[in-house]
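One structure is given here, and the rest of the page talks about it.
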Amino acid sequence: MSKRIGILTGGGDCPGLNGVIRAVVLHARNTHGWETVGIRNGFEGLYEQQYVDLDPAKVQTILARGGTMLGSSNRANPFGYPLRMPDGRVEIHDVSSRCIANLERLDLQGLVVVGGDGTMSFGQKFIEKGATRIVGVPKTIDNDLEATDYTIGFQTAVEVVVEALERLATTAESHERIMIVEVMGRYAGWIALTAGLAGGAHVVLVPEIEYDIDKVIAAFNRRSARGVSYSIVVCAEGAKPKGGDYAVAVKGDVTKQDKLGGAGQRLAEVITERTEYEVRTTVLGHIQRGGTPCAFDRELATRFGVKAVDLIASGQFGHVAALENNKLVGKPIAKAVKKLKLVDPHGELARSARAVGIELGD
Amino acid sequence: MSKRIGILTGGGDCPGLNGVIRAVVLHARNTHGWETVGIRNGFEGLYEQQYVDLDPAKVQTILARGGTMLGSSNRANPFGYPLRMPDGRVEIHDVSSRCIANLERLDLQGLVVVGGDGTMSFGQKFIEKGATRIVGVPKTIDNDLEATDYTIGFQTAVEVVVEALERLATTAESHERIMIVEVMGRYAGWIALTAGLAGGAHVVLVPEIEYDIDKVIAAFNRRSARGVSYSIVVCAEGAKPKGGDYAVAVKGDVTKQDKLGGAGQRLAEVITERTEYEVRTTVLGHIQRGGTPCAFDRELATRFGVKAVDLIASGQFGHVAALENNKLVGKPIAKAVKKLKLVDPHGELARSARAVGIELGD
Amino acid sequence: MSKRIGILTGGGDCPGLNGVIRAVVLHARNTHGWETVGIRNGFEGLYEQQYVDLDPAKVQTILARGGTMLGSSNRANPFGYPLRMPDGRVEIHDVSSRCIANLERLDLQGLVVVGGDGTMSFGQKFIEKGATRIVGVPKTIDNDLEATDYTIGFQTAVEVVVEALERLATTAESHERIMIVEVMGRYAGWIALTAGLAGGAHVVLVPEIEYDIDKVIAAFNRRSARGVSYSIVVCAEGAKPKGGDYAVAVKGDVTKQDKLGGAGQRLAEVITERTEYEVRTTVLGHIQRGGTPCAFDRELATRFGVKAVDLIASGQFGHVAALENNKLVGKPIAKAVKKLKLVDPHGELARSARAVGIELGD
Amino acid sequence: MSKRIGILTGGGDCPGLNGVIRAVVLHARNTHGWETVGIRNGFEGLYEQQYVDLDPAKVQTILARGGTMLGSSNRANPFGYPLRMPDGRVEIHDVSSRCIANLERLDLQGLVVVGGDGTMSFGQKFIEKGATRIVGVPKTIDNDLEATDYTIGFQTAVEVVVEALERLATTAESHERIMIVEVMGRYAGWIALTAGLAGGAHVVLVPEIEYDIDKVIAAFNRRSARGVSYSIVVCAEGAKPKGGDYAVAVKGDVTKQDKLGGAGQRLAEVITERTEYEVRTTVLGHIQRGGTPCAFDRELATRFGVKAVDLIASGQFGHVAALENNKLVGKPIAKAVKKLKLVDPHGELARSARAVGIELGD
C-alpha cells in the first residue's frame, strides 16, 4: 500500500476550506505519490472512524465551492466529547486517547488539521500526548490570528459585507435613515473595519474600541448639518459602548437591558431613544461565512494546502502554514494559538479610517 | 418656456426606480422636447414644493444605481399628513388640496407617479379630486400587483435571495443544519416561491398557504432518512402555520407567543421545540430592496419609463404602464390597485415546486 | 424493473441545461416513480450507447452549475454523422436508424431532447421515422425561437453582457474612447438590444437592421458636441452595414475586405478610417454562454424540465415545453423549429431603445 | 485662500483610482484643512490648465466606481508631447517647462501623481527639474512594481479573470475543448499565475517562462489519458514559446508568422496544427481593467490615498506610497520605477502552481 496522509477540518466553516483540501490531495499525489484520507466532521470523525478516501477526481471541482466537503461538527472537542449513553443521557468524556489510537491505526505520514483557535489547541494537545505528526492550516473568518497576515475566508467575508453595504446604502439614502449593519467579529474588528473602509461607511464600531455613544450621534448630526440625512454604521457583533453597559447608555433604565438583542440591535435602541433619526438594523449573519470564496481566498487556500504538505514532507511537525510578510512560512502551533491579533486603535488602518472621516467612537 | 412633465417616486425604494426616472427624462426630451421636473421625497415634496430640474446629464449614470435619486418619504400620505405644529406637536392633516394646487402651479403636461399600492391609490384620489393629468408606473418588490406580469425590483430581489441561499447552503451542508431564510412578502409569496425554486430550497413557506408544521418536519425527516442532514427553508415574512396560532404550534404554551419574533424566528422556535435539529435563522431584510438592479429590472424600468411618457403623450391619463403577456400596455390605475396578485396554491409555479420535491407545508 | 425516461442535451451549451436535467430527474422520480437515463453527448451518445443512470443524488447540486453534466458533441447530426473508418479517414453516414434502434432498446416512456434549432429538427425527423415518444425543451442563448417567450440561457447572457458593459464604460469614459462590444446573435439581435437597453449603451447594432455608418458616426458626433467624448457600442455578431458590403463602407477599398475580422472588428476599422475617435473592440465570446445561470434561468429551467415530464405523462409527444404569455404550454416541435423570432425594427423594444436615445443605425 | 494640494491620474485606468482621489480629498480636508484641485487628463491637463476643484461632496459616491473621475490621456508624455500646429500637422514638443510653470502658478502644498511606470518617471523628471513637491501612488493592473507588495487594480483584475475562467470552464467541459484565455501581462505574469491558481487552470503561460509547446501538449494528453477531455489555459499576452519564434513552433512555416494575432491566438494556431483538440480562444481585454473595484482594492486605494497626503504633510516629497510587508511606507520614486517585479520561475507561487498540477511549460 502506498503511503498516505490525512486531513480534517474543524470549527465553523468558511470559504476556502475546500481549496485547502484540494491542494493537499493534489500536491500529496503529484509530488510525493501519497494518497490522502479525509476524516469527516472534524475530531468527531476521528473518534467515530468516519473516513473517506480522497483523490484528484473527487476534489476536481471544489475549489470554487464554499463550506467543507469533509463536514464539520459541534462535537468538536475530543477532550470533552458529548457521548450519548444507552439510556439516552449525554455524558461528557475525554475521548482523546481513543482518537490518538485511531490516528495511529491510520498509519499516516502526517495529519493536516485545518481550523481556528479551538481546533488548533486540540491539535497541540494531541502532539503533547504523543501524536506528533500533526501540521496545521489556520482558519478564521475573523482574521484574528497573530501567526499569519491573512487567514482564509476573511477576504470573502469582507467582500460579502461590502456588497451588502452597497445594497443598503441606496436604501438608506433614499429614505434618509441610519442603517446599522451588524457583522462578525466577537473579539476582533477586522471585518468591520476593513469592510467599513472599503464600503464607505460613516461609523465603524469594533470590539477593540469602546464607543462613546455621544460621538456616534455627533457624527450623524455633523452629516445632517451638511444636508446629508443618512448614515451607514458597521457594527461588529462584539462592539460595546464605553463602560460596556447598555443600561447606562439608555439613561439608566436597567429593565431595558434584558430585552436588548445583539450589538446592532442595542445600538439601534439607544439611537432611537436619544434622537429622532429613523434607524434600521440588518444582521448579516451566516451569509458572511458561506458560499464561493473570492479569488484572493482561493489562491491563499491553495498555497496554504501546498505548504501544509511541505511541512509534512520536511518533517516540520507541530507547525502551521502561515503568511508572514507575503511569504509562506511554518510557525509553531503553540505560538499560533497563543495570542489574538487585534485591531490597534492607533494603528495605520484605524488612522486611515479616521482620515477619511469614519467615526470610530473614541 | 418649454413644456414640461413631472415625476415623483413614493413608498419603499427598490432597484429600478432610477431607471424609470432616466427613461422618462430622456424620452420626454428626445422625443417631445419636454423638460422634466423631479418632485423630491414623494408627495411630501409636492406639499413642501421641493423640486429639482432633471436633464439628461443628471440621469446619465443612474441606470445601474439602486434607490431613487428623488428620495422617498415616510410622510407619504397627503390625505393624512403629519404636520409639526409650532408648539412641537405633530398633527395629522389632509393636505391633498394644497398638493393639487401646487401641482397646478407647476403647469405640467402630466405627472408620472411611481409607486406601489399606497402611492397609486393617492394618485387615484388626486384624479378624482380633479388633478387628472396623472399616469403611473407600478413598483413593488413583492410583484403582487394584478395589473402587471412583473413589477420592477422583484427580479433583483429574487437574485439577491438566491445568492444568499447559495452562501447559506454550503454552511448548512457543512454543519448539518436547518437553515431558515426569512424573505420579503407580507401578503404574497412570489419572492419566496420563485427564489426557492431557483435556489434549490427544500421547504418554501408562503402567506397564501398556511403550513402544517408536521409536514415541514416530515420533510426534514425524509431527507435525514436518506442521509442528508441539512435543509434550506425559505420563509416569507407573512408565512403562518395552520390556524395562524404559534402558541398552538408550540403545544399550547401561550406565554411563549409574545416573545416570538418574525415568521422565520417563530418557525425556528417551533422546530427547536419539537425536534433535535440544529436551526439557524437569517433575516435578509433590506439587502433585498437595495443596490444595483439586475439587467432584467434595468430593461423593465426603462420600458416602463418610456411607456409612462407615451401615456402622457397620448392623453391616456389615469393609467399605469403595465406588462401584460410581455407587451407594454396602459391599464386604469383604479384597476391596478384594486386586487393583489397572489400565489395560486394549485397554479403552475406551486406545482413545479412540488414536482422537484419542495415541501410547501400543505 | 421500474419504468424510465431518457434525456439528452444537444448543440452549444448554455446556462440552465443542468436545471432542466435536475427537474426532469426529480419530477420523474417524485411524481411518477420513473427512473431517468442520461444519454451522453447528445445524439452521439445515442449512437455510441453512452448512457448514465441519473438519480436525485447525482443532480443534487447541479442547479447552479453552467454547462451540461451530460456533455454535448460536435458529432451532433445523426443524419450526417462523421464516422472514423479503420484506415483513419472520416466518412459521413446516416446513422439515424441505428440511433432509433438503440432508442427502442432503451424501452423508454419518453425521451426529453433539450436543444436548439438543429437538435429539435433531428428530433422531429426521428418522430417522422417512427420514434414518436419524443418531447423537447427549447434552448438557445439567442432567444430567437418563435415558439416561446424566453429560452433558457438568454437572460444569463444578457446579465453577463451588461456586467461587461459596466466594466468597459468606466474605461471608455476615463480614456474618451469608442468602445465596441461584440456579442452573440448571428441572426437575431435580442442579446444586443436587451443588453444595450439595460446596460446604457449609446449605439446598438442588430442583424435585423442594416446600419447606416453615417448615422452611427453622427451619434458619436452628437455626444461629442455635448462634451461627452466616449460612446459604448453593442454590436451583434450578425450586424451588417447597409448593403452588407464592408468594402463599400471603407470607401471602396476591396482588398481590405479580406483582412477584416468579425462584425465588431470591421466596424472598428471603418470608424477608425473615417474619424479620429480612438476605438477599442472587445469580443465577449464564450463567457456569454458559460457559467452559473442567473435566478431567472434557474427558475425557467426548472419549470421547463417539469413541463417536459408532464408532456410525457400526458402523452403529448412531439411537443416542446414553451412559455407563452408567462404560461407553460406544449407546442408542436415542427412548429417550434419552423420560424426564427426576430427583433421587430418597429416593435416596442426597438422604439424604447430609440426613445432613450440609443442609435440603431437606421 | 486656504492651502491646497493637487492630484492627477496618468496612464491606463484601473479600478481603485477614484478611491485614491476620494481619500486624498477627504484626508486633506478633514485632517489638514487643505482644499484639493484635480488636474484633468494626466499631464495633458497640467499643460492645458484643465483643473477642477474637488470637495467631499464631489467624491462622495466614487469609491465603488471604476475608471478615474479626472480622466486620463494619450497625450501623457510632457517631454514628448503631441501638439497640433495651426496647419493641422502634429509636432512633438517638450512641454515640461510650461507644465512646471503651470504647477508653480497653482501654488500647491504638494502634488499627488497616481500612475504606473511611465507617469512616475515623468514625475521623477519633474522633480529633477525643480518641481520637487511631488509624491506618488503606484498603479498598475499588472502588479509588477518592485516597490510595493500590491498595486491597486491588480486584485480586481484577478477576480474578473477568475470569474471568466469559471464561465468558460463549464463550456469547455461540456464540449471537451481546450479553452485558451488571454489575459493582461506584457512583461509580468502575475495576473495569469494568480488567476490560474485561483481559477483552477490546467496550463498557465507567463512572460517570465518561455514555454515548451511539447510540454503544453503533453499536459493535455495526460488529462485526456485520464478521461478528462478539456483543459483551461491561461495565457499572458506576453507569453512566448521557447526561442520566441512562432514560426519554429508551427514547424518552420515562416509565412504563417505574419498572420498570427496575439499570444493566445498564436498558441491556438499551434495546438490546432499539431493536435486534434478543438481549441477556442477568448481575449478578456479591457474588462480586466474597468468597472467597480473589489473590496481589497477599495481598501488599498483608500490607504494609499491617505498615505500620499501623509507624505506631503511630513515633507517626504519624491516618495511613493507603497505596501511593504503589509505596512504602508514611503519609498523614493526613483527606486520605485527602476525595476520590474517579475514572477520568479522558482518562487513559491510558481511552485505552488506546479504542486497542484498546473503545467507552466518549462
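Note that the chains take the letters A, B, C and D in the order they are written out, and that residue 1 is the start of every chain.
The rule is short, and it goes like this: contacts are C-beta pairs under 8 Å (C-beta built on N, C-alpha and C of every residue); 3 or more make two chains touch, one makes a residue touch a chain.
Note that the structure is predicted; figures quoted are calculated from it, not measured.
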Open item on the list: Show me the overlap between the contact partners of chain C and those of chain D.
Closed with: none
Task: Copy pair chain B, chain C: interface residue numbering same or different (half cut) - done: same
TODO: Considering only mean CA positions as chain centres, point out the chain farthest from chain A.
DONE: C
Task: Separation of mean Cα positions, chain B and chain A [Å, integer] - done: 34
- [ ] Averaging only over C-alpha atoms, locate the centres of chain A and chain C and give their separation in whole Å.
- [x] 42
Open item on the list: Suppose each chain is reduced to the average of its Cα coordinates; what separation in Å results between chain B and chain C?
Closed with: 31
Task: Where chain A touches two or more other chains at once, by residue number - done: 166
Task: Contact set on chain D toward chain A in their complex - done: 22-23, 26-27, 30-31, 56, 61, 63-64, 149, 155, 158-159, 161-162, 166, 194-195, 197-200, 294-296, 298-299, 302-303, 305-306, 309, 325-328, 348-349, 351-352, 354-357
Task: Partner chain C, residues of chain D touching it in the complex - done: 12-13, 15, 17, 65-68, 71-74, 160, 163-164, 166-176, 179, 278, 280, 282-283, 285-287, 289-292
